[in-house]
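Chain lettering (A, B and C) follows the sequence in which the chains are written, and residue indices restart at 1 in each chain.
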Amino acid sequence: MKKPAIAVRGLRYSYPDGTVAVRGVDFQLEAGESVALLGANGSGKTTFLLHLAGLLRGDGEIRIGGVELREETLGEIRRAVGYVFQDADDQLFMPTVLEDVAFGPLHRGDGVEESIRKAKEILVKLGIGHLESRAPYHLSAGEKKRASLAGVLVMSPEVLIFDEPTTFLDPPGQNELAKLLNQLPQAKLIATHDVYFARKVAKRAVFFAEGRIAGEGPVETVADRFHWRLS
Amino acid sequence: MHIPDGILSVPVWATLNAVAVPGIGWAVRQAKKGLAEGQVPLLGVMGAFVFAAQRMNFPVGFGTSGHLLGGAMLAMTMGPGAATIILSSILILQALLFQDGGLLALGANSVNMAIIGVWAGWAPYRMLASGGWRNAGVFAGGLLSVLASAAAAIVELRLSEVPMSPAVVGASSAVFLVTGVMEGLITVAVLQAVERLNPGWLRKPEGMPGRAAGLLATAALLMMIVGVLYISALPDGFESMAERLGVAGREQTVWAAPMAEYEASFLAGDWSRKALAGLAGLAVIYGICVTVGRLLVRQRSA
Amino acid sequence: MRDRAGKSLRIEEWARRDSFLHRRDARSKVLAVLVFLVAVSSTPPASPAVFVPIALPLAAGLLASGLPLGELLLRASIILPFPLFFGLVGWLENGNAQFAGALVARSYISALAVLLLAGVTPMAELFRGLRGLGLPAVMVMVLQSLVRYLQVIVDHGMRMRRAALCRDGGAGSRESLWRRASGALAVLFGRSYARAEGVHRAMIARGFRGDYVPLRPARITPLDWVFLAVAAMAAGGARYLAGVGL
């Protein structure tokens, strides 16, 4: 039996000003599984996700692919976790798409030639090879999302985390993204407001409320139970 | 106030490049101490903020408006070292992309705005803010930052033998004074608004003299700048100043004379020697750049 | 000032084109321009005619770049007020019109050379080239994020201004306008902070640990060396002609 991609036990976190954001979360994501994370704005979804890449440190235990997240394993964990941020402008910080995608491998120590080769390969794979010398600012929202994903996939992560990936995307863009996600073999945790999108990319859903997991189950059931639909 | 290429004489721009490089290198080290775990992108984004801020108009009256220049404000929020890096990056970008200021004149413009402007903006704030005259310190910072940059630019132009009658120096000083007062007022307004949002964004000046000493030092700084502007306005400028005063401000002969001689030997020489000397100067500056860069890297990895 | 963003877009578009100059290594281009600038700067501003031979290598470069000549000439003219002012002062003071013309020519030619450099070299390559020439990695990183977020932050400021105008059409006493402008700048300052935090977080998530590893530029080819040598000789030759008064 393969180790779970993500295993979280008793995670708690309060911001420096004392606001409690995550109050005791237990969560498991199996290898190869896709789970949607639903919940209101401010319910602690993003705070929770940031913990999984060690970008915030709270109390409790986090294991990624069986490896416990500690100061010593931080590098290893961040390599295993691919984090696609909500705002692609935060994520694409280099002057050109190619340099951005090569940033991860380069800072892992892959060397210049190898980093560029990998970056080009992944860009072609995602169908945006023609954008490699473009500046991120001039890309469309869909292209930005793809480029962000390329920068993450180039590190061959074992787990993918998406924070509101459909923000700024038009319906065709959302469809394309869903199709792309379903082709990826990694375990995925996808925070989203969009139940339709969630249904397309995940079977199971977890509902976050006030820093806790308030319920989980099949996407439809969870959406019904928490009245998480447009009416 | 961005000096383009082709205005300053070879010795002037070469000297200022040679001053700017270690100056900025030192700022890089200063800033690194103050930034949390290599938060370098913040400096770049703040540079973008300054660009954006310069588009926000503040009405002055009479149908005109002014905008923030930002040197003093950056020093008071990001710290002077970081402010120097941000402003010199802006200057590099402006020179390359917007033809705002020259490439050989980059050293001069950096010294004027990113080094002198920043520290002249920081000093009054640091001295007065802890003495309980915060807003006075902020205002003086904005004002002195503009005046000091302007005075430095005028001195450089004079040393380059750019024609400047006393009337011109006087008139530009008046313009700079108005700009400086504007900068002071805007800096006060913006800093108050920033503090309302998050007091943590302001640098806390600590361990400095009280109000009287702070005021005295700020006044001294102001006098110094006015003095430099006044000397620049004299028809014969710096060379005859020493003779005219008899006693000769010693510091002045120390820094003005070698430069004047340097220039004289330049003028006497033929064109090839001049061009070669310029190139040699460039090579020396380049060498300093690379060495400072290497040293910085080595220090960091050590 | 206002249409700067548009200007930078135009130059980025130029830099993406192709020509012999576009294909040269950024380092060789930077060095060539520096040599040229030194040649120009060391020419005494005796008369505008002195700068005719100096301008020849530059003219060759402009033609080789394939960029729209008229636009280049026009754009470089934004620096004219500065030398015109001091040239005029000199003229009025000593009646030396030759000097005024020479000062204008000297700084206009210099600005045009830098503009040509930016027009045939994409910013990203230029920064990598500067890194290759010894600019500290920290400065490269700052420059890159400055360019990257320039439009993002400026756009944000513009949107805020538009929203404020929609609310009240920009009316109000001077005091309230001041309060609003400074408030808006403070908010923009905060947004910039937040943006930088987001960027920093994304960098850390992708393995950044405080030491920036910039991409090195590709190897300098023999052709780049030849280009640099020819450019330097042309600048030197032009400087010689200017010196002997041709």
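As a working rule, a residue touches a chain if its C-beta (ideal position, glycine included) is under 8 Å from a C-beta of that chain, and two chains touch if they have at least 3 such contacts.
Keep in mind it's a predicted model, so treat the numbers as computed, not measured.
Touching chain B and chain C together: no chain. Central chain by Cα centroid: C, whose mean Cα position is closest to the mean of all protein Cα atoms.
Per-chain CA centroids place chain B at a distance of 20 Å from chain C. For this pair, chain A with chain C, the centres built from the Cα atoms lie 39 Å apart.
Separation between the centroids of chain A and chain B, computed from CA atoms only, is 45 Å. For chain A, the set of residues touching two or more other chains reads 93. In chain B, the residues that touch at least two other chains are 41. With touch defined as above, residues shared between interfaces to two or more other chains in chain C number as follows: 123, 144-145, 147-149, 152, 195, 199, 203, 208-209. Residues 3-10, 13, 24-25, 28, 32, 37-49, 51-59, 61, 68, 77, 85-86, 88-90, 92-93, 95-100, 102-104, 157, 162-165, 168, 186, 189-190, 192-194, 196-198, 201, 270-272, 274-275, 278-279, 282, 286, 289-290, 292-293, 296-297, 300-301 of chain B are the ones that touch chain C when the two sit in their complex. Those residues of chain C lying in contact with chain A across their complex are 12, 16, 122-124, 127, 144-145, 147-149, 151-152, 195, 198-199, 201-209, 213, 215-216.
The touching residues of chain C, when paired with chain B in their complex, are 1-2, 4, 7-8, 11, 33-35, 37-43, 75-76, 78-79, 82-83, 86, 89-90, 92-94, 99, 103, 106-111, 114-115, 117-118, 123, 126, 133-139, 141-150, 152-154, 156-158, 161, 174, 177-179, 181-190, 192-193, 195-197, 199-200, 203, 208-212, 236, 239-240, 242-243.
Considering their complex, residues 50, 53, 55, 75, 78-79, 81, 83, 85, 87, 89-91, 93-96, 99, 102-104, 106-108, 112, 116, 133, 135-137, 151-152, 155 of chain A touch chain C.
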